[in-house]
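Each structure below is given as structure tokens.
Next, two complexes with chain A in common: one pairs it with chain B, the other with chain C.
What follows is the complex of A and B.
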């Protein structure tokens, strides 16, 4: 296993790795951002058929990824895997062109993909999924390379996977807590660990750019917590000791403990006083049959808020994060349009899911 | 029954009368069974029709939900989340009797699960996944109910068909043939009786 992790830098090493190259990185990122699809593209794509969209993607920045995967996949699967591959390569490129602090911050932010992949590996082993099935659901956009992930996926049991991760920060949690039956708990703990790690990296933000970076993460945490609270209340979970372990600490505005203790009507009433109310009020109905509209509005709100101040600190982590958000959003939007069109979803429904920032 | 094979004897006639009586009572019973089965069938038919409509609606909803979840989260995410299912629903098969027809009774456990028992983490997933899971749980429940009702209907239909064939066979073939045979034996016996009376008269005349 040392072979897999031999070259992996430890958290403490990364801080020391080179001096920050914000000026260079931001210039490269600006050039990369200019290649993103302008927002006028989405209405055009909405008027196209599936074949036209395929052709459009084939002629865009995603050409190489489509060509590379065309032998293996077709249709919407090809588009989705090509988009994921492009996203992974873009993030890998970001890690390559940055050094010092920006590199450290980006790699910490991209740990969400590592966590996603670890969860997928554990889920796959629990389900006895085939190697092929597991490999298809991995997105190597974090620190763990595709080769590493493939080696992990090929392992026989979850115990071996956990043992192979012994050089990582996830090992203590997995080794001590996971017994093969409590996957949901472990998944929640991994997610919470991600955010607490990220807040640990940001520390107490003093500079303007760090404050903006922290604000973006805090907004995301609030959106996630609010979504979770709605889901749990809809499912009839009222006990505070059942809800609180599912809350992520460090949100911007929401007092999760207070909100969790309130019955549904009062919970909604309490949300009226928050900055999120304007974003969600349009989809609030008393019985809340579906929460997808609400989650979509929350996502739009957090992304729009995160990108509003991106011009404030031009030579800092902010433009890089801004690019990460835009790129991820472009991939999401293209997938939504492609999959939605292919599945025959109504145009209005597809448009509602898009986040055009 | 081929008439040539029949021995026109009194004992055969008595046997035939018994068989006709038996066939007629069997015919009456089978007719009652057929009518009862048809009544049961129509009772279930309405229920099955409703369940089938609900099943179609549930299938459409589940398809819409999974398509939306796949569009928003990606098929990759939906598939990965699906791997976290740890317990498959269990189905217990028993049965009961409707007029001699054994029909299944399907009891399912573990189809509908609360949010926190589905096996996936709550924080890393979203409402799109929850609603897809909800819709598919509902679909599986409907499939189980529909399977029970439709199997019952199929078995009842088979039994009705079988009973109808038996009733028709008795009514149009077995009983008429038995009656014909009975008539033939009666005719043959009467003929024998006439012959013997005639013979006796001849003997008596010759003796005079």
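What follows is the complex of A and C.
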């Protein structure tokens, strides 16, 4: 297994060398952002079928990915693979065009895809998904390469996968805690591990870069916690000792301990005082039956605030992070359209899921 | 002692002509460094933009040479100092 690990394990991962050279990286990233699909495109895509959309994005940044994968896959599967491949390559490109501090921070941020992939693999094995189904959802944007991931996906059982991951930071947790059934718990622990790792990397932020990066992550943690809290409150979970293990520490504004103890109405009332209220107030109706609207609003809020901050600090890591989440959002939107169209969902339903800015 | 006396006898180290020459040299050196630094920043940004979109070559080129004016002002200043 050693030879397929391109990089050394995290403990020996020193801070990357080199100067930041923001002028180059930021301008290039801004030029890349200008190539993302404009919002006017989405209504047009909604009127097309799966093959038409594939052809449409083939004329954009996804050309190479679709060309190369068209021999192997077709229909929505082709689109899914092409989108994932494009996302992974785009993020790899970001790592290539940056150096020094931003490179280090981005590579740490992209570890989320390693977590995503490990979760996918374990979930796939638990529900006996086919190799093809697992491969479809893997995004090799983190440290684990696509080759490694497909080897892992081809393994028979989750024990083998965990054993193969013995060089990673996730191994102790997976090996000690995972028994093949407690997937929800493990997923949550992996998320917590990711964020605590990220905050560990940022340390006590001294440079402007790390401060901005930390703020970015904290905002994300708040959004995640808020989603979890809503879900739990809606399900009637009120016990503090049940809620707190599911919370991620280090948010920007939300005091999770205080919010967790409140009943639903008071919880919503407490959110009124936060900066997130303006963004979410539109979907805060008394009989809210779905969290999709809320999650879309929160995502929109984080995208918009990233853009605002990227204008406030133009020569910093923020425009790069801004691009990372916009690109991810574009890929998600396209995936929703493809899958929605394939499943024959109504246009209105698909539209509600899209986050378009 | 002998060297010290020689200096004392030949007057100050920098006379008016020397000061002029030094002023002119400073004018061109500092502005040269300043425009080099500015062009480096703009040049790398322009290269970044051009790597993604070749159509930006013209704009990038123009923006990159704008700081050249700094050193031209320095050159003018140093010529004026010398000719005064």
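Side notes on the structure shown:
Operating definition for what follows: the second predicted complex is superposed on the first by the 277 of 357 C-alpha atoms of A that agree within 3 Å, B and C clash if a C-alpha of one lies under 4 Å from a C-alpha of the other, contacts with A are read in each partner's own complex, and residues count from 1 in each chain.
By definition in this document, a contact is a pair of C-beta atoms (placed from the backbone, for glycine too) under 8 Å apart; a residue touches a chain by one contact, two chains touch by 3 or more.
The structure presented is a predicted model; accordingly, all values stated were derived computationally and were not measured.
Shared-chain residue A:47: touches no atom of chain B or chain C. Ranking chain B and chain C by residues of chain A touched puts B first.
By the touch criterion stated above, A:31 is placed in contact with chain C alone, chain B being left untouched. When both complexes are overlaid on chain A, the residue A:23 reaches chain C alone and has no touch with chain B.
Contacts of A:192 after superposition on the shared chain: chain B is touched, whereas chain C is not.
Within chain A, not a single residue is touched by chain B in the first complex and by chain C in the second. Note for the complex: chain B touches chain A at residues 64, 67-68, 70-72, 74-77, 79-86, 114-116, 118-124, 126-128, 130-131. Across the complex, chain A meets chain B through its residues 76-77, 80-81, 84, 115-116, 119-120, 123-124, 126-127, 129, 133-134, 136-137, 139, 181, 183-188, 190-192, 224, 227-228, 230-232, 235-237, 242, 246, 248, 290-292, 294-296, 332, 335-336, 338-340, 343-345, 349-350, 353.
Listing the residues of chain A that touch chain C in their complex gives 21, 23-28, 30-32, 34-35, 97. Of all the residues in chain C, the ones that touch chain A in their complex are 41-42, 44-49, 51-53, 56.
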